[in-house]
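Alright, structures below, take your time with them.
One chain, chain A, links the two complexes that follow: it is found with chain B in the first and with chain C in the second.
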Partner chain A sequence: MTIERIDGCIGCGTCVKTCPTDVIRRDPKTGKAVIMYPADCQICHLCRMYCPVGAITISPEKSIPVVVSWG
Partner chain B sequence: MTEKKPSTGVSRRKFMALAGGAAGFAAMAAMGISAGRVECSVNLPEIDPEKVTTAESETDVLVVGSGIAGLFAAVKGHDAGARVLMVSKGRLGASGQTPFAKGIFAYDPAREKLSLDAFVDTVSRSAMGTNNPVFTRQMAEHSLERVKELKAWGFFDSPLYFDAFSRPIKARGIAVMERIMITHLIKENGRIAGAAGFSIDEATVHIFKAKSVVLCSGAGGFKPNGFPICDLTHDGTVMAYRIGAKVTGKEWNDGHPGQAVNAAACYDGWHGMFDRKPGRTGVEVHHDLGVEENYQAYMTGNPLAGGLPGQSRGKRIAGGPYRPAEFVENARRPGPPPGGGPDSGGGPPPGMAGGSPVGGSSAGMAIHKSEGLVPINDKGASTIPGLYAAGDALGSYMAGAIYTQIGSSLAGSAVQGGIAAEAAAAYAKGQATPTIPKSKRLQVQEEILAPLKRERGYGPAWVTQTLQGIMIPNFILYIKKEPLLTAALAYVEELRDHHMPMLRAADLHELRLAHETANMIVNAEMKLRASIMRKESRCSHYRLDYPEPDTQNWNAWINIYKGRDGRMKLEKQLFKNWPS
Partner chain C sequence: MDTYRKSPFVKISVLVFGGLPLLLWILGGFPERSFLKESLSFVTMLSFFFMIGMFFFSRANAVVVKDLKMHRTKKIHKAIGTTCVSIMLLHPLFLVLPRFFEAGVSPDDAFVTIVTTFHTGIVLGMLAWILLLTLGMMALMRNQLPMTYKTWRRWHGILAVVFIAAAAWHAIDLGRHSSLAMSSLIILLTAVGVRLFLKHTITSKPQKPRIDR
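Coming up: the complex of A and B.
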C-alpha cells in the first residue's frame, strides 16, 4: 500500500500541508501524522521529500478497491 | 481584508477546538503572512452542515492556484499595484504539476542559433497549425526574464519549490490561503465578482469578493494512475464553464505511457526525477506525446517493447497518427515529462526505462496549454470580463496540440501568469468593489455543502472509479471511433444526470472528492463531444474512422460553452483567430 509507515514523527505538520491529495492528517490526541486516506495516494513522495526527519516510508504498490455495482 | 463571521453555533466539540485556529488563519492571511505556519487539522468526520461558518475576504486580484503560474500571477499582480490574494487547494509550490516539472525553457537570443521567428515557425510546423503563434512567441520572448527571477529566488537550488516560491511572496507580504478548494466563480451584472469555496481543514465556507480573478488552477485528468495529477480535476475550467466562459481543446490527449509494474507509483515511474533540482532547456522542437504508442498497443496488443532511446523497440505496425516528415527522426525518442528536459539529467520518463509500458498514465489531460479557457487576447482574458487564466488553465495553444518544446510548459505558465495578472490588475483599477447579493451567497453555500447534507447517495470514490472505467480505456480516450465515443457519452450522461446530483460526502476530505468528481464528469462530457465533432486525425487526436488530417475542414479549434438551455454547445474557431 502507498504510504506504509510514519516512524518518528515530530508533529510538524509539513507532510499534511504538502500532500497534494490530502492523504495525511494529524491525530487529534498526539498531533502526529497519520495515514488517513491511503486510497487517494498518488505515490508522488512529496511528503517524504519534505519531511524534515525522514519519518515516512512509501511502497510503490497500490491496491485498488474491488468493483461493485454501487457504492 | 478577511473577515470571519462568528460561528452561529457549533455542534461538534472538535470544531470548537479548531475555531480559534481558523480565525487566526484568516487573520494571518489578511496580514500577508503565508498560511504555511498555521497548524493543519485533523479531519472533521461529522459536521452539521447547517452550522458551518462563513468567512469573507476581499481583494483586487484573486489568484486561484499556487503552482508556477499562480506564483508569477501573485508577484506581478502585486507589483502592478493591486491587492492580491492567492488561494490554493494545496500548498504553495507543492500542488498541481509544478512540483514535478524539472526543466524550464529559456530562449536566450545570445545562445540560440534559431531566430525567434524561426522558432515559432518550427513549432507551428510540428503542431500542424494547431498552435497559437502569438502565445508561442510570447512564451519564448519572456522566458529568459522569468528564469532569471526564479534563479534569484533560489528555484534552481533545491528539488523542492516551497522555499523558493515563498521568498518573493513573503517579501511582498502577499496573502496566501492554502487548503481551500474553490468550487464557484461568481458573476454579477455580466462581470466577475469573486469566487467561493471551502476549507478542507475546518467547517468554513469562504466567499471572496474580487474585482478580477486569475485562474492558475492547472488542467486535470481522471485521477489516473502513474501521473502526479490526482489533485487536478479541471476545477477552474469547469467553474468558468458554469458561469458562461468558453473552453477549448478537449479532444486532445497527452500520450504519456505509464509502467505495467506498479502502475500507480508516479515516483518510481519517473526514475528519480522528482528528487532532482530543476534545470534549464534550450531550443529543441519535437513532435512528442501524441498517441502513436496507443495505436501500436491497439493494433498489436500489449506488452509493447519499452526502452531507452536508440534501443530496439520491436516491430512497429504501419499507419496510425500522422507525423510531419520533418519530425520523423525523433519519432523513437521518449516523450519528455512535463517540463523535464535533457539539461536536468537523470532517467527517462514513465514507460521508457525498459519493461513494458502501459497507456493512459495521464488520462483525462491534454497536451499542456492546449485545453482550458478560450483567451480573447494575448493577456489571457477570458470571454467573461474580469476573468483571466494562465498556464494549464488557459487554452492558449502555446505549444499546439502536440508536445513541441521541452521545458516550455513551466516557462509558459510563468510567463502567462505574470501577463494575465498585470492585465487583471489594470482591469481592477477601473472597477468598484463588487457586491455579492445575499441570495447568491446562500445559493453557492448550499451547492458547496450539498454533498455533506445528503444522507443517501453515491460515494465520490465509487463514481470516480466508474468514470475511470468508462473513459480511460485505450479504445475510448485515445484510439477513437464514433460508435464507442457515442456509447461512452451515454454512460457519462447517466453519471451527469443521475449520479452527479447524488454525490455524498462524509467529511471534508470527501467533500473535496465530491466536487472533484463532478468536475471530472463535466470534463468527460466535453472530451467525448469534442472528440465526436472533430472528424479528422491530427496531433494528439486520433480517429480510426477519420485517420487523416483534414486541412480543408479542420484548420480550426473547438470551443465549448454552456448554451442558454444549459446544454453543452460546441463551435469551430478558425486557427489564428480570436473569438468574435
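Coming up: the complex of A and C.
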C-alpha cells in the first residue's frame, strides 16, 4: 500500500485534481474522496500536501522525502 | 475545591466525558500524526464532549444539583462554558495551524478552501459556529439584554439544543476520530443531555426562591 487512508475529508476535491495518476475519486453519494486505484499511487505526496484538512495518510515506510524549494 | 473533587457526579463526568472519548480515541487505530496535530485534535475532541457535558451540569439535572448545590453547578457550567466555547470557536483555525510548518497548501488557502466547500458537514459546522458565538455572547451580555432571567434561560437552552444537534452531526460527519463507537457515544450523550433539558423545560413549575447552603 502507498496512499493508506483518508480520515476527516470535507469533500473539497483538491486531491482528485492534484493526483497525477487518478488514484483518488469522489464518492458520488457522500462527495468525499475515496482511494480507487491504490496500486497506481506514485507516492508523490501531492494529495497529502494540498489537502486543506490534512485528511490523507501515506504509508511512511514507502515514502521518499519531499523536496521543498527554499527560494 | 474539595467539594468538587469529592463529588461522585464530577468523578463520573470526568470518566464519561473525558475518559471514554480518550479510550475510544486510543482504541480507534488511527494513524499517528505529529504531536501538534494530535494535541489539537485531542483538545478539540475533549472540548466538544465537555460541551455536551454542560447539559448535565445544569439545573436540568436534579442529580448534580442535589450533589453539588445550584451555585457550584453554575460555577462548573460557567467554567466549562468559557473554556470549551473559546476552544470550539478557535478550532477551525486548529486545522490549518500545522500548515505553517509543512510544505504544500498555505494556511490561508487551506482555510479559504475549507470555508468555501459546500458540503453538509461544513455547512452544519458553520451553522454550529454561529450558534455557539451567539450563545457565548448571550451568556456574556446576560445583564445587558432586555429580557427577564427566565426568558434568557429558556432561549439559552433552546439555542444550546439547536447548537449541539448541528455540532454533533458536523462532528460525526467530518470528525477525523469519529469511528462508529465514537459516533455512537456522541449520539447517546447528546440525546440524553437534550432529553434532560426538554424534560426540565416542559415539566418545570414556577418555584419559590431557595437559598442553597
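We take it that the second predicted complex is superposed on the first by the 59 of 71 C-alpha atoms of A that agree within 3 Å, B and C clash if a C-alpha of one lies under 4 Å from a C-alpha of the other, contacts with A are read in each partner's own complex, and residues count from 1 in each chain.
Assume a contact is a pair of C-beta atoms (placed from the backbone, for glycine too) under 8 Å apart; a residue touches a chain by one contact, two chains touch by 3 or more.
Just so it is clear, the model here is predicted, and its values are computed rather than measured.
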Check the residue A:50 against both partner chains and state whether it touches chain B (first), chain C (second), both, or neither.
both
One more residue to check, A:16. First (chain B), second (chain C), both or neither?
first
Between chain B and chain C, whom does A:42 touch in the aligned arrangement: first, second, both, or neither?
first
Classify the contacts of A:7 with the two partner chains as first (chain B alone), second (chain C alone), both, or neither.
second
Based on the superposed arrangement, let me know which partner A:26 touches: chain B (first), chain C (second), both, or neither?
first
For chain A, what residues appear in both contact lists, the one with chain B and the one with chain C?
49-50, 68
If we count contacts the way the header does, which residues on chain B are in touch with chain A in the complex?
14, 36, 39-43, 90-91, 94-96, 99-100, 159-160, 162, 178-179, 200, 225, 228-231, 262, 264-268, 274-275, 458-459, 461-462, 465, 469, 509, 512-513
State the interface residues of chain A toward chain B in the complex, per the touch definition above.
2, 13, 16-22, 25-28, 36-37, 39-40, 42-46, 49-50, 58, 60-62, 64-65, 67-68, 70-71
Per the touch rule above, chain A residues touching chain C in the complex are 4-5, 7-12, 14, 31, 48-55, 57, 66, 68
If we count contacts the way the header does, which residues on chain C are in touch with chain A in the complex?
30-31, 33, 37, 95-96, 98-99, 102-105, 109-111, 113-114, 117, 119, 121-122, 174-177
